[in-house]
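Both of the next two complexes hold chain A, though its partner changes from chain B to chain C.
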Partner chain A sequence: MSTDPWIWIMGLLMLGIFSFLIKENPFYRWVEHVYVGAAAGYGLSMGYNNIINQAWDPLVVQGKLIYIIPIILGIMAYARFIKPISWLSRWPMAIISGAGAGNALYGATNSSLVAQVKANLLPLNSFNNIFMVVGVLAVMVYFLFSRDQKGPVKHFASGGRMLLMVTFGVSFGNVIMGRISLLLGALQSIFGKWLGIISL
Partner chain B sequence: MSFWDKMQKIDRRIIYALLVIVVAFPLIRPLGLPLSYSDTTLKFFDEIEKLQPGDRVLISLDYAPSGAADVHPQTVAVSKHLIQKGVKIAFVSFWEAGPMFAEQIMQPYLDSGELVYGEDVVNLGYIPGANSAIRSFGFDCVGSAPKDLNGKDTASMPIMQGIKDCRDFDVVIDFVMGSPGTAAWVQQVQGPLGINLLVGSVVVEVPASMPFVQAGQVKGLLQGLRGAAEYELLSGSAGIAAAGMDAQSLGHLLIIGSILVGNVAYFMSKKQPKNNKQ
Partner chain C sequence: MRKEIPIALSFLAGIIMLIDSFTPGNFAPRVELSKWLIIMSAFMVGIASVNLVRIHGANVISRRKGWFNSFSLLVMLVAFTYVGVMKYSYPEVETWKVLFQNFYDYIMSPPAAVMYAIIAFYVSSASYRAFKARSVEATVLLVAAVVVMLGKAPVGELIWSKFPVISSWLLNVANTTGQRGIMIGAAIGGFVTSLRVLLGLERGHLGGV
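Then we have the complex of A and B:
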């Protein structure tokens, strides 16, 4: 069993979170608040570090005057807390949204559309390739709403729907696998680091 | 209430208790169930094996404690392998908690003198700005991270010499549990610059990452804790992930069993009124 007080705190906090499985209780709520507070404090310290490293130092220590523009924009974002000048906060938001949308548009078009279409232009010389191409077409037909899905189109779209169901099943299976991994991690910490029953 | 009705209304706490018992038992008494290697893990491993001593790798730690149990063992296993090969590692993060995980990995090696900070390894810290930050860092690594986590100049560090953009790293690895993550790296950096990108992902994110693997944009993929276990065994240093695979397999069996019991009970209880009438 560990003699490190921090490991004991970790173990007790984990038990506090797990106690929710029985029913909600004050110990669980207290641990939840500790988690939120610790995360907020950590985020605050990282934010402070970033202001120093990415804004203050380049401007004041290195004399890079160009940094004045983003710093002023950053300060303007806080104008929303002062009612008479709250409109000023829209400018940095507009720049962030515009730059973000521009970046996303370029990246999505190039890497998520063109590259994916290219990746699906496969020679139909193996079962896998045929299945892949037909599957992509079937799913796309399922989302074709500009005409009634009747006759062969309906059957093809139904095939697409089946493939989507299989994909959702795979996602569900992955979620279970992921959640068991999280439980496993917690139990390894409790039995290994804290109680010393298993060696890690 | 019939047997099948009872089967549909099992107290959730009984299932939780069963799950904890089933997962905990093989941790204490390992069963040694066999483990096969997935194709994406083998590709990931092959890319790492191609690296030579002195090569530089960028590791982006884009996850938080809530998903760390699934992805952090991957980071540990891959970092250990890279360090054994004499490869230099620069850690960066676009998630706030990332630098903390980098510290956890680096510290034992720095304490033992196996690695020299700034020469063999560096923690570039957290860069806010999600997709825009990833793009900015991808195109100008030192300019986007002028200081490391402790406020030291990165431009003067030996490990960062000659690094202009992400193409100057031999491999870029993104360990990820959500957004920003794989999609952002592919869209903002891999696409425009053509970097050699590998991904280690929480298993929930795998379906979203697979199209990028299929298209060759991501060269290799580690899938959750299982991916970590496969990598540990491939690199010859079985660790925490490999030790947990028996528990994971038994956990899956219990869930499969629960789904089967629930469905059978549902259909049997639907049949029952007809039987009663007869």
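Then we have the complex of A and C:
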């Protein structure tokens, strides 16, 4: 059994979360609150570091006065807590979402749409290639909601739906396997690092 | 002004990003804007913490049920922030670095890992209820999931040597095909939504002005 107080803290916190499997209980709720506090504190620390490195140092040390603007915009976000001027908080939000939209317009379209369409332009010389070309078309037809799916289109769309079910099944299987890996890691920490019952 | 300026700012920020995509090299306004975004996002993180302090502070002050949990949350929030601020303010002091790393490794990461891990139990029990082979689609989903799991687990190969092969085909061909269809559909949706944001037609993120 470990004598390191940090390992004990880790073990007890993990046990608290595991206790939820029995039923929701005060110990679990306490650990949950500690975790939320820690995560928020971590986020704040990172935020502080970013503000110092990206804004404060360039402004104060390097004398780049332009950095006063993002600082003011950042402070404006807090206007949402003061009702008469809460509308000011929309300005930084507008810039962030506008930049995200501009980025997505080219970046995401390029990587998700153009790249995927290009990757699917395969020579029809093997079963797998034919399956992929026809399969993607079938899925796209299934997502076509602007007109009624009747006759052969309906059957083609049903094929697309079936392929989507396989995709969801595969994703589900992957998620379960990933979670089991995490579970094994957590159990190793408890029984190995903390209690010393198993050797790592 | 309350409506027009945010829409104009959205458009301007989006256009700067867009111009960068079509110009060779780094477009200077975009480089600058990216730094501004980091700074503004850093301030935004603080908003979440202010909300936490407001809600949980009120719980502690009025001694509501579970106030001790709220108190623990606030203590943790203040402690982690303090250690983080000291670490970044005095990078030469080793104690703050070690303390920050210990906070991360032993207080923050383990509960997060267990939370994700116990989802395995809930997903399994939910799937038991949801995946009853009531229709052809549900059966296909169930079979694909089981085959992938058996293909990845060593016991699958012991049961039938073909499980890893089928699992690999499902992952690399069938799954890629389905994912590709979904990605193309989502990209078209994302393109339209982004365009609506830039043109000021989508304003939900601005509080629906």
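The definition used in the following text is that the second predicted complex is superposed on the first by the 199 of 200 C-alpha atoms of A that agree within 3 Å, B and C clash if a C-alpha of one lies under 4 Å from a C-alpha of the other, contacts with A are read in each partner's own complex, and residues count from 1 in each chain.
Here is the rule we go by: a contact is a pair of C-beta atoms (placed from the backbone, for glycine too) under 8 Å apart; a residue touches a chain by one contact, two chains touch by 3 or more.
Remember, predicted model here, so these are calculated numbers, not experimental data.
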First (chain B), second (chain C), both or neither touched by A:K118: first
Chain B versus chain C as contact partner of A:Q188, first or second or both or neither: first
First (chain B), second (chain C), both or neither touched by A:D57: first
Partner chain(s) touched by A:G74 [first = chain B, second = chain C, both, neither]: second
Touching partner for A:M140 - first (chain B), second (chain C), both, neither: second
First (chain B), second (chain C), both or neither touched by A:N103: both
Touched partner set for A:N49, first chain B, second chain C, both or neither: both
Partner with the higher number of touched chain A residues, chain C or chain B: C
Overlap of chain C and chain B interfaces on chain A (superposed complexes): 21, 42-43, 46-47, 49-50, 52, 54, 99-100, 103-104, 106-108, 110, 112, 116, 119, 167, 170-171, 174-177, 180, 182-183, 185-186
Chain A residues within the chain C interface of the complex: 6-7, 9-10, 13-14, 16-18, 20-21, 29-52, 54-55, 66-67, 69-71, 73-75, 77-78, 80-81, 87, 90-110, 112-113, 116-117, 119-120, 128, 131-132, 135-136, 138-140, 142-143, 160-177, 179-180, 182-183, 185-186, 189
List of chain C residues in touch with chain A within their complex: 2, 5-7, 9-18, 21-22, 32-33, 35-50, 52, 66, 68-70, 72-81, 83-85, 87-89, 100, 102-108, 110-121, 123-124, 127, 136-138, 140-149, 152-153, 170-171, 173-188, 190-191, 193-195, 197-198, 205-207, 209
Touching residues (chain side chain B, partner chain A) in the complex: 13, 16, 19-20, 23-24, 27-28, 66-70, 96-97, 99-100, 125-128, 130-132, 135, 146-147, 149, 151, 183-184, 186-188, 190-192, 202-204, 206-207, 211-212, 214-217, 224-226, 240, 243-244, 247-248, 251-252, 255
Chain A residues touching chain B - in the complex, by the definition given at the top: 21-22, 42-43, 46-47, 49-50, 52-54, 57-58, 99-100, 103-104, 106-108, 110-112, 115-116, 118-119, 167, 170-171, 174-178, 180-188, 191, 197-198, 200
